[in-house]
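Each structure below appears as structure tokens.
First chain A sits with chain B, and in the next complex the same chain sits with chain C.
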Partner chain A sequence: MDNVSLALMCVAALLATAVLGVLVRRSAAASGLVYSLCLILSLAILAVAASQLLGGAGATEITRLPIGLPWVGANFRLDPLSSFFLVVIDLGAAAASLYALGYGRHEDAPERILPFYPAFLAGMNLVLLAADAFSFLVAWEFMSLTSWALVMAHHRDPENRRAGYIYLVMASFGTLALLLAFGLLAGPAGGYGFADMRVAVHAAWLPGLVLILALLGAGSKAGLVPLHVWLPLAHPAAPSHVSALMSGVMTKVAIYGFVRIVFDLLGAPVWWWSILVLGLGAVTVVLGVLQAVLQRDLKRLLAYSTVENIGIIFIGLGLALAFQANGMTGAAALSFTAALLHIFNHSLFKGLLFFGAGAVLNGTGERDIEKLGGLIRTMPQTAFLVLGGCLAISALPPLNGFVSEWLIFQAILVSPDLPQWGLKLVIPAVGALLALGAALSAACYVRAFGIGFLGRPRSPAASSAHEADRLSLAAMFMLLGLCVLAGILPGFLIDAVAPAVREAVGHAMPAQASLPWLSIVPVAESRSSYNGLLIFAFIVIATLLTVKSIHRLASRAMRRGPAWDCGYPEPSPLTQYTADSFAQPLRRVFGEFFLAREKVTMPKPEDPLPARLEVRLRDLAWDMIYFPIERTVALAGEKFNALQFLTIRRYLGLVFAALVSLLLVVAIWA
Partner chain B sequence: MGMIRDLFLQGVQMFLVLAVAPLLLGFTRRAKAWLLRRKGPPLLQPYRDLLRLMRKEVVLAENASWLFRSAPYMIFAATWVAAALVPTFATGLQFSWTADLIVITALLGSARFFLALAGMDVGTSFGGIGSSREMMFASLAEPAMIMIVFTVALVAGTTQLSQVADFVFAHASLRVSLALALVALIIVALAENTRIPVDNPATHLELTMVHEAMVLEYSGRHLAVIELAAALKLSLYISLIASIFAPWGLAQGDAAPGAYVTAVVAYIGKLAVGGFLLVLFETSIAKMRVFRVPEFLGAAFMLGFLGTLLLFVSRTF
Partner chain C sequence: MDRFVLDFAHTLAGFMVLVSFMLLYQDRMFSLLNVFALQALVLAASVAWQAHVQDAPHLYVTALIALVLKAIIIPIVLHRVVVRLGIHRNIETVGGIGLTMLFGMGLVALSMVVMLRATAAADPLAREDLAFALSVVLLGLLMMVTRRNAVSQIIGFMSLENGLILAATGAKGMPLVVEISVAFSVLVALIVIGVFLFRIRERFDSVDVHALDESRGERQ
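Coming up: the complex of A and B.
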């Protein structure tokens, strides 16, 4: 049996698990059963996809299953690109299922999650397997709706209901854009199969329009600014293992949609496309991380950080488009590899961090970092794991986040050879914003970890926190291990994704694993090289050497005493630096205008009232785009409300007028 | 034989930077005292201080966690590895290709990450204020550094420091972009090493401190290791500036043993000149208010960006 049939059978089994979830939802063992099945099935698809990607088998497909559109059928295909994304998705899904085996036991309403969770996994997998527009969009909508149901799992909270509503609106908008994109690609003949789209000849204006629609459709799902507004609301609202899936994995499905349309179906790119993608990516990086650094809600912070990382991935894709349009295939392969690596890396550390946030939520009942603190003592293992995740996502060597950003920087350094002036001016700015984003993300995670896990407990909940269960910890350890491995042995990863890169841009980076000492050399050895393994080894050796020699030769005496604090230690934990005070300098430097409004109420000298500082965070996208739209819709609704109260005579008149005008249109058209 | 020699040279570099760093610190303190017409501490005082601190017992705050105890070693190791990868007396050493300039910048970022976390571990307000300000400075200094790396890399066609040094040595010429990068790099170096006008390494007024505030709770060997890391960082930046903008006197490839000795002497001479210029600058300028620093660093960022942009427009700048 070929790989694609195997994968489809696993997806069918996932759907069956969803039905099983409905049937057994009330029994005590239900969550264990459902999550174990999900774990096994995700691992199975992972194995299938990995064997397809690494086995060099090219593409296997099933055509014209008798479901779907009558003249197209349902087509499924497993090629290196979709195999790579399947590996990412199912690795994340397996980790989430393992985590949920422990975490899901604390769920108070499992019947709202168990049926939808396997269905959500099935939907994501189907999107990747689909090879015609109809199956793709059906799977896409299925994925959206099941994830919406998961967002609404805790629907008693009005904030979650609002998040669900906004998510639903944005998801429908995205699907609409994709529908139009596929409609344009299919043309009047209705060639909805991807194979037909690849060979179709388009009018000159069409690919550009499809690119914009793909950016809107996939971008709204992935969280590109300004389409990201639903993401920081919806991702945190779901249970933590689902948040991890939505942030770490579902956004990658959206990127797959973009890559499939733009790199595969659309044919040769034009250079100005890349300006659009690069510009949006760079804005997304900076606005995402600036929002993240100000958030107090741990899960919302992580969601905004996802927005930032999506921006990084789109920068990689934009660079690949620019190089591809100019025939610089080597550089295109480098940028595309960097984007794929970041997709993989982000799914690892974002999953890890959301799991950590879930463990914190479970151990303390709090998501507000202002009410945490000191968790490194009460939840030592979770703290260690989250610290690893923070290091990885802050792009610090020798962990994995650094490798992909390093590759993108290397790609930027090749770009002065591009001939177009527009690109020559945009790419340095993109590089500057990317560097700014990387530095701010380190600040963001120092703040998140320092306030949430270090210091003294800021609330009774934090001081009585309990450690996460073993299965949750195992899932987190697995992801951290993969982060470290991907960081110190990036060469193997680059070689593993090479078939997918070759499929998308027609060329791949030179093989890395055979290089001496396992370093990676993106262009040429005289240009740049990086060896994560040796850096890791050097750091470990230097640390051990220092510790051993100091303990041996100098002193190892130690005494505990009260904190020094310049001679005035104050026992109240309220005297600690807070999350808001930590972010205050950044807020001040990076513009109060578009991040936060501060209001100081200072009473008169004799007035006994306390002075107050109010800070209201704002998201520019809401103020500039969504609130005006909301107001316009409300206004229009109010105006048209009058139509509800007409007499029957006027209704008939309206119908008649509509009929006449439509006939006129038809008459003029023909 | 070649392999053993290469490893030996790499080892020499590793321990040379470690041995020289406190001396540089002692020299700057001494020179600063001279310029202020004071007598100043002896040159070897930093070594004595380190030794004294290492022999003392550590007084640990009651609620300090394992992170607080291990952070000094992580900070030191990351800084040491970074410092050992910058060419000091020779280019093209055995492990020079393991990391390029971006990696070195990021390694210093790793060290800073742990330092800022260590400042927040005990839960005192001074530690928090130091960490918060350090991260604010870093959020501008790091992108500025990346922009400088871009400028230098576009001129030299490589991000490998050894290759950059060889390139500048072979094709030395005055270039606008490199001049911009130099100014930016000096600003970044001042900020990263918490020197005047950004921070005052000699201050003991708590509210103005950045680096000192973060390490306030440290004592004994932990403090010694952190101080040594700070000294390493200073010599790293001076070596970095010297190897990019003044690579003369570096031993290249398979030089004779005698050449290496002169190269080491030249390196120490460069450190002395760099240290003296630093002190001269510091004594002639006042410390800034903390919220002026972002403007100062923003200037470095824009200079680096301008250099990069010029090179994107034309490689001849």
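Coming up: the complex of A and C.
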């Protein structure tokens, strides 16, 4: 049996698990049963996809099922690109299922999650397997709807209902854009198979329009600014393992849609496309991370950070487009590899961090980091894991986040060789914004970890926190281990994704595994090289030596005295540095992006009221795009409401007028 | 094709357009019905000519249906309805006849432009017939929009349907089954509308659709 059929059978088994989830939803063992089946099936698809990717066959097998459009059927295909994304998705899904085996036990309404969770996994896998526009869109919509159902799992909270509504609207908009893109690609002949689209010859104006539609469609799912507004609402609303999937994995499915359309189906790129992609990516990075720095809700902070990372990935893709359009295949392969590595890395550490947030939520019942603090003592293992995730996402060597961002910067450094002045000027600016984003991201996670896990507990809930269960911890340890491995052995990873890169941009980076000492050399040895293993070894040895020498050289004489109280003799936890105070300098500097307004209420000297500081932040995307659209739609609805109460003659007149004006159009333009 | 065949077909179709114009300005019920019967008669003749030219015997059936149903039965039934409703002496105010006629001419010109251009490659017999047929349809619709009396609106609807039949027969005919079912649906429409007319009348003491609007509390 070929690999596609194997993968499809696993997907069918996932759908059967969803049905099983409906049947057994009320029994006590239901959650364990469903999540273990999901774990096994994700691992199975992972194995299939990995064997396809690493097998080097690159074989593209097509399985055609007699469902769907009659003259197209439902085509499924497994090529290196979809195999790579399948590996990312099912690795994340396996980790989430393992985590949910422990975490899902605390769920108060499992019947709202169990049927949809396997269906959601099946939908994501089907998107990646689809080889025609119809199956793709059906799977895409299925994925959207099942994830919407998961967002609505805790539907009693009005905030969640609003999040679900906005998510549904944005998802429909995205699907509409993709539908139009595929319609344009299929052309009037209706060649909806991807194989037909690849060979189709398009009019000159068409590819640019398809690119914009793909950016809108995939971007609204992935969270490109300004289409990101649903993401920080919907991702935190879901249960934590689903948040991890939506943030870490589903956004990658959206990127897969973009890559499939733009790099595979659309043919040779034009250089100005990259400016569009790069610009959106850079704006997404900066606005996403600035929002993340200012958030108090841990899960919302992580969701905004996802927006930032999506921006980084799009910058990588935009660079690949720029180089590809100018025939610089080596640099294009470098940027595309960097984007793929960041996709892989982000799915690892974002999953880890969301699991950590779930463990904190479970242990304390709080998501507000102002009410946490001191968790490193009550939840030591979770704290260690989250710290690892924070280091990785802040792109500190030797962890994996550094490798992919470093590769993107290497690609940016090649950009002066590009012939177009537009690109020569834009790409360094994008690089500067990316650097800003990386620094702010580090600040963001220093704040999240420092306020959340260090210091003294800021609320009774935080002081009575309990450690996460063993299975959840196992899932997190697995992800952290993979983060470290991917960080110190990036060469193997680069070689592993090479077939996918070759498929997308026609060229791959030179093989890295054969280089001495497991270094990676993206362009040439004289320019730059990186050795994660060396840095790891250096850090370990230096740490051991320091500890050893301190223990050896330090005096053993002991003196007991009062601890320094930092100038605050009052031991209240309220005197600690808070998350808002940490973010205040950044808020002052970048506040105009959010129309930040601070209001200080100082009571009169004899007044016993407490002083208050109120900070109001706004998302410009809402103010400048969505609220005006909402107002326009409401206004138009109000105006057209009158149409419901016309007289018969006026209705006839309207029909008549419509007919005559259409005929006039035909007469004038046809 | 023989010139005479073409010319005669066009004459008949053109005559239908002319009768449609005549329908537009009839302000008395009986003359309206008579003109409608005349249009059905011309339609029957036109369809019969098409049957002869195209050598399609089933079109004779269509012509016969048009003759019996539209030129005889429907006018007679409507005639009796009008008498029973007691509106046969009413003069319907058809506002702005000159303007309506001018608009109608514009519609004919429009349908000529659209149809002749859209069917450049088609059979010349069908081509101009289609243009005339579209004119008849548009004029029927125009009549439905400009009239306020329910009976006149029915006439407009029926004349619109005549235009459709003309188009269908010109374009090498449609299957007889379709033609018969359309004819019967018109008949059913007549019955239903007839019943409704009496119900409306019973309730509002008028068949002016204006009364309906007033009862819904609408401003005109």
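Please note the rule applied: the second predicted complex is superposed on the first by the 615 of 670 C-alpha atoms of A that agree within 3 Å, B and C clash if a C-alpha of one lies under 4 Å from a C-alpha of the other, contacts with A are read in each partner's own complex, and residues count from 1 in each chain.
By definition in this document, contacts are C-beta pairs under 8 Å (C-beta built on N, C-alpha and C of every residue); 3 or more make two chains touch, one makes a residue touch a chain.
It should be emphasised that the depicted structure is a prediction, and the values quoted were computed from it without experimental measurement.
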item: Contacts of A:Phe645 with chain B and chain C, given as first, second, both or neither; value: second
item: First, second, both or neither for A:Gly653, with chain B first and chain C second; value: second
item: Touched partner set for A:Ala268, first chain B, second chain C, both or neither; value: neither
item: First, second, both or neither for A:Val201, with chain B first and chain C second; value: neither
item: Chain touching more of chain A, residue-wise (chain B, chain C); value: B
item: Touched partner set for A:Leu664, first chain B, second chain C, both or neither; value: second
item: First, second, both or neither for A:Ala29, with chain B first and chain C second; value: neither
item: Touching partner for A:Trp564 - first (chain B), second (chain C), both, neither; value: first
item: First, second, both or neither for A:Gln576, with chain B first and chain C second; value: first
item: Partner chain in contact with A:Trp406 - chain B first, chain C second, else both or neither; value: first
item: Shared chain A contacts, counted only where both chain B and chain C touch the same residue; value: none
item: Touch list for chain B against partner chain A, complex; value: 51, 54-63, 65-67, 73-74, 76-78, 80-81, 84, 95, 97-100, 102-103, 106-107, 109-110, 112-113, 116-117, 119-129, 131-133, 135-136, 138-143, 146-147, 150, 153-154, 157-160, 163, 206, 216-217, 220-221, 224-225, 290-291, 294, 301, 305, 308-309, 311-313, 315
item: Chain A residues within the chain C interface of the complex; value: 645, 647-649, 652-653, 655-656, 659-660, 663-664, 666-667, 670
item: Residue numbers on chain C that touch chain A, as the complex places them; value: 107, 110-111, 113-114, 117-118, 138, 141-142, 144-145, 148, 209, 212-213, 216, 218, 220
item: Residues on chain A engaged by chain B in the complex (per definition of touch); value: 373-374, 376-377, 380, 387, 391, 394-397, 402, 406, 409-410, 412-413, 415-416, 424-425, 427-429, 431-432, 435-436, 438-440, 442-443, 445-447, 449-451, 454-456, 517, 519, 525-531, 534-535, 538-540, 542-543, 546-547, 550, 553-566, 569, 573, 575-577, 581-586, 588-589
